Amino acid sequence: MQANKRDPNMSEQIEQALERKYDAGFYSEIESDTFESGLDESIIRRISAMKNEPEWMLEWRLKAYHAWLEMEEPDWAHVEYPKIDFQAISYYSAPKSMEDKPKSLDEVDPELLRTYEKLGIPLHEQEMLAGVAVDAVFDSVSVVTTFRSKLEEAGVIFCPISEAIQKYPDLVKKYIGSVVPRTDNYFSALNCAVFTDGSFVYIPKGTRCPMELSTYFRINEMNTGQFERTLIIADEGSHVSYLEGCTAPQRDENQLHAAVVELVAMDDATIKYSTVQNWYPGDENGKGGIYNFVTKRGIAHTNAKISWTQVETGSAVTWKYPSCILKGDNSVGEFYSVALTRGRQQADTGTKMIHMGKNTRSTIISKGISAGKSNNAYRGLVQMGPRADGARNFTECDSLLIGDKCGAHTFPYIESRNPSAIVEHEATTSKVSDEQLFLCRQRGLDTEKAVSMIVNGFCKEVFKELPMEFAVEAGKLLEISLEGSVG
Amino acid sequence: MSQWLDQVIGGAQFDDYLAPVRQQALTQLKADGWPARRNESWRFTPLTSVEKREAKTTTQADVLPVPAIDNLNAIDLVFVDGVLITQVNTLDVPKGMTITSLKHDDKATQQAISSIYGQIKPTRHMFGLVNDALCEHGIFISVDENTKIDTPVRIVNMATQNVDAHTRVVVKVAKGASATVIEQGVGDVDSLTTAFAEYDIADDAHLEHYRFAMFTAAAKQLGGSHFKLHNRSTLNSTMVGYGSELSRLDVDIHHAGEFADAKMNAIYLLAEGELFDLHSTIEHAMPNGTTEENARGIVGDKSRAVFNGRIHIHRDAQKTLAELNNRNLLLSRRGVINTKPELEIYADDVKCAHGATVAEIDEEALYYLLTRGVPRSKALVMLNFGFIQELVNDVPNSAIREWLQPLLSKRFSQMEVK
Amino acid sequence: MLSIKNLHASVEEKNIIKGLNLDVKPGEVHAIMGPNGAGKSTLGYVLSGRDGYEVSEGDVTLNGKDLLDLDVEERAREGLFLAFQYPVEIPGVSNMEFMKESVNAMREQRGEEALSAAEFLKKAKEACKQVQLPLDFLKRGVNEGFSGGEKKRNEIMQMILLEPSLCILDESDSGLDVDALQVVANGVNSQRDGKRSFIVVTHYQRLLDYIKPDFVHILADGKIVKSGDASLAHEVEKEGYAFLGKAYEEAEA
């Protein structure tokens, strides 16, 4: 056929260039307490008891559980996966060594520390990147949170959410479920019922958080799900930048990750939330990998700003729409995303920008790269409410296809109810052209380097939004992704 | 379930040569049932006004004069309340063209009709299935190979009473032939019209197509125009939609051959509490096709515009060029615009883009108008009607262009600006 | 008529106009010349009230009214007309429809009745004739597909129709051949009635052979650095902007 003029070797070379080893795929030999698989009320009571939770928290969980039982698993996303057996999952797993709650880093199981070191996240403060405080969540529990005393000096609370429920019940009670209601969707309801740990952040009025906050999620045990919950409250006029990373061992079975993240940006506050998601994506035939069903949402009050940046390279299936409710006048929402899918990965990701206040602004930049036999979809909603006078949105969705066996899709929903609101949406699709490759190679670059360069250029707009410490990691991640089969 | 659909399914009986297709449609209707509230296809367009409606058709219709389009000189075919009132066999039809009723005893003609009827229109359109099953009155138009027909054929659906009307148009443009077909609908009474048309455009053939969906007030229309493009064929389609209590148009353009070229412009101007919903789907199944779609609308008062434009590039459709652009202007705080341009792409060597805007203003042009003292609100209207005007200027037929021009600006001037 | 006192203005936080003073009396023609980047076009945008052009200091009055308080269209209705160097194309909006709105907005401001379609058409035809634009240009989209010269003539045609009290011509000569220049200049000159004032912004002296200025000002680095009569323009033509100092000579080179 005339259409397929491309040198077939070229396509193959590009695809080879995209093959990669999953560096984080190791398993740590750590003795764990793991619940038997299955889900019922008693499991939820046990989780709550393990965490020594107050009665109101247990009740809250049970309400969510009963609502979840009545709900149906959503099927509108452009993804296909076998039905999840929620009874085959274990809902709690924690390293045995964590039973006595180590008081300091010295008491933490060295094998755990080695795990994080291997992932490039040293937890000894002196070895860490200065300026980044880390909460390390291993399966269902938080292992350690670094730099806490330094943060406390500034009045910043950064601790596992299980601890916050004990220590700051009023804050948690007030805000948990306030942005993502208990029955918001199937997976968030499940999370409400069974969440085990996650991070809690509170930035007091007028405070600029002195360092980057970061949570690193690791799934280690087999057949466990991870259901973490993050709640970030930035009080009036405060500022915080938060980073999130995640990996999991390489396994043939699929594992479920259903997290909920809630952000509250009070008047004049700014929250910047960045994610580098590198869950195990499964092998090239689609065996194994994480099902990543995540609900992330922030509410921005007057003059507040919420900025989501995500680099999504992992997971077998991704279902994720970090969103902003722009409630206050002049509030700002941003979404910058790079999603790279290879092999048989499927991603359906995007954002929702709900403009409620006057002069609210939102920007959406989404870059999807599909290779192999993967499918990569952007799904978004921009909604201009009747009171959103002068509101504006700009959306740009670009897809890059590598090879002719993958798919790139764009499903933007736009709704406007305000005559003075302006919405602009653009989407394009392109490929790594033979001409571009030829030029790079003629200048002495090999195919791998050339593809990597072109893809990086394609993603530049998003990478520049990442905090510096993370930009390096994200760049490396993509480079590894595109580096070729040499391990 | 819906009373209306129950009556439709219950009352259907057929024994003509189209019975197999009709039966199939009925079976699917039964299986699918009435769409659930969150059904993606009807997400923003409630069907409540049909749901509890009484399903009834008529065989009695008055012969009425059709709305004139000056200087058009078309062959007019008229349905009133679903009844074909034109004496088709008395028409003066150009050489190389055949126009007949779907009720036809000639086996060859029946075969030609059967090869298109229900075959080009995708089966996902519920009201299309209803039309498949219930359509009594329809027209078959066929243009012979390498015949260029200059005289436009105009099909008018007029709704005058509180009944359901199901009409059908089947068009075959043979190899190297060309034709112009206009579908027009008018009426403002509490009626329901399902008017579906299927076009088979053979290799190297050309179709100039118009659809004027101008039902208003309580007249409900649920129709579609569906095109199958073969090798090197071309389509130039212009649609104009007014809104009514319920107005839904489905357009499918299927590139079934290589190097086919489709151009589609759509305009919608909505006033009062009207609703207009345009769903277009472009299927590029073969390589080297091109599509350019422009949909532009203005939404006034309490009206609602729904636009869903999908471009689907199949695995084999390399070297496709497809572009879709949707621009909207919302004039009122009580109006709503829902737009969703979709891309679904499975081939890498393609150029596809879509864009959608609501109330996007060309700041430089606005500034220019303001420096000349034009009031801001007027300037916005002028600029935005300007982009409608661009599509009117694009209309290939000059008589239609001159007819549309004042018609649309009149409607536009009636749309309240707040 | 127009009084500019100590005007400071910036674009994207960059100061462009830095303390400009200018007085224009009824019927006067002022030419503003200056090297590239002196702020000549900016002045027109600032006076017309374009978004993004921020005035940080100074006063501007037109016919006694504080201009800086007004929106773009209000300034226009106060009689300020800006002829653009690069007029924008507006497809779909016809020249005729545009000018009719515009003329009637001006008339409403003056408390006059709106023109009937026939009356307007008559005036528009005359204006077209005066700048030698074919009549079908009225039907075409605003500046759509016009050549450079046609756009400039269209600007002057609008000026004739709108009867402003102050006209700012921004490089109306650029890109025109001698014949076209003559047409534009004739159009302008026909509007000189002893009451209407003009600010002619130009890089070259050439235009001033056709539109005789009463005053010539040299604008450099956001200020008027030298003023004189028509002879100053000839001086500049001969000597260039050398007197401004070395930096400008290089900028010109």
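Each chain gets a letter, A, B and C, in the order it is written, and its residues are counted from 1.
In this text, a contact is a pair of C-beta atoms (placed from the backbone, for glycine too) under 8 Å apart; a residue touches a chain by one contact, two chains touch by 3 or more.
Chains and their UniProt names: B = Fe-S cluster assembly protein SufD; C = Fe-S cluster assembly ATPase SufC.
This one's a predicted model, so the numbers in the text were calculated from it and none came from an experiment.
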Take each protein chain as a node, join two nodes whenever their chains touch, and name the resulting shape: line, ring, star, complete or other. line
Please tell me whether A-B or B-C has the greater number of C-beta pairs in contact. A-B
Let me have the rounded angstrom distance from the C-alpha centre of chain A over to the C-alpha centre of chain C, please. 55
Taking the mean of the C-alpha atoms as each chain's centre, how many Å separate chain A from chain B? 43
Could you give the separation in Å between the centres of chain B and chain C, each centre being the mean of its C-alpha atoms? 49
Sequence positions of chain C contacting 2 or more other chains: none
In the complex formed with chain C, which residues of chain B make contact? 362-365, 367-376, 378-379, 382-383, 385-390, 393
Residue numbers of chain C touching chain B in their complex, please. 48, 50-51, 71-73, 75-77, 81-82, 84, 87-88, 90-94, 97-99, 101-102, 105-106, 109, 141-142, 158, 162
Interface residues, chain A side, partner chain B - complex: 1-4, 6, 76, 78, 384, 386, 399, 401-431
Using the touch definition up top, name the residues of chain B that touch chain A in the complex. 40, 258, 287-288, 315-319, 328, 330-361, 418
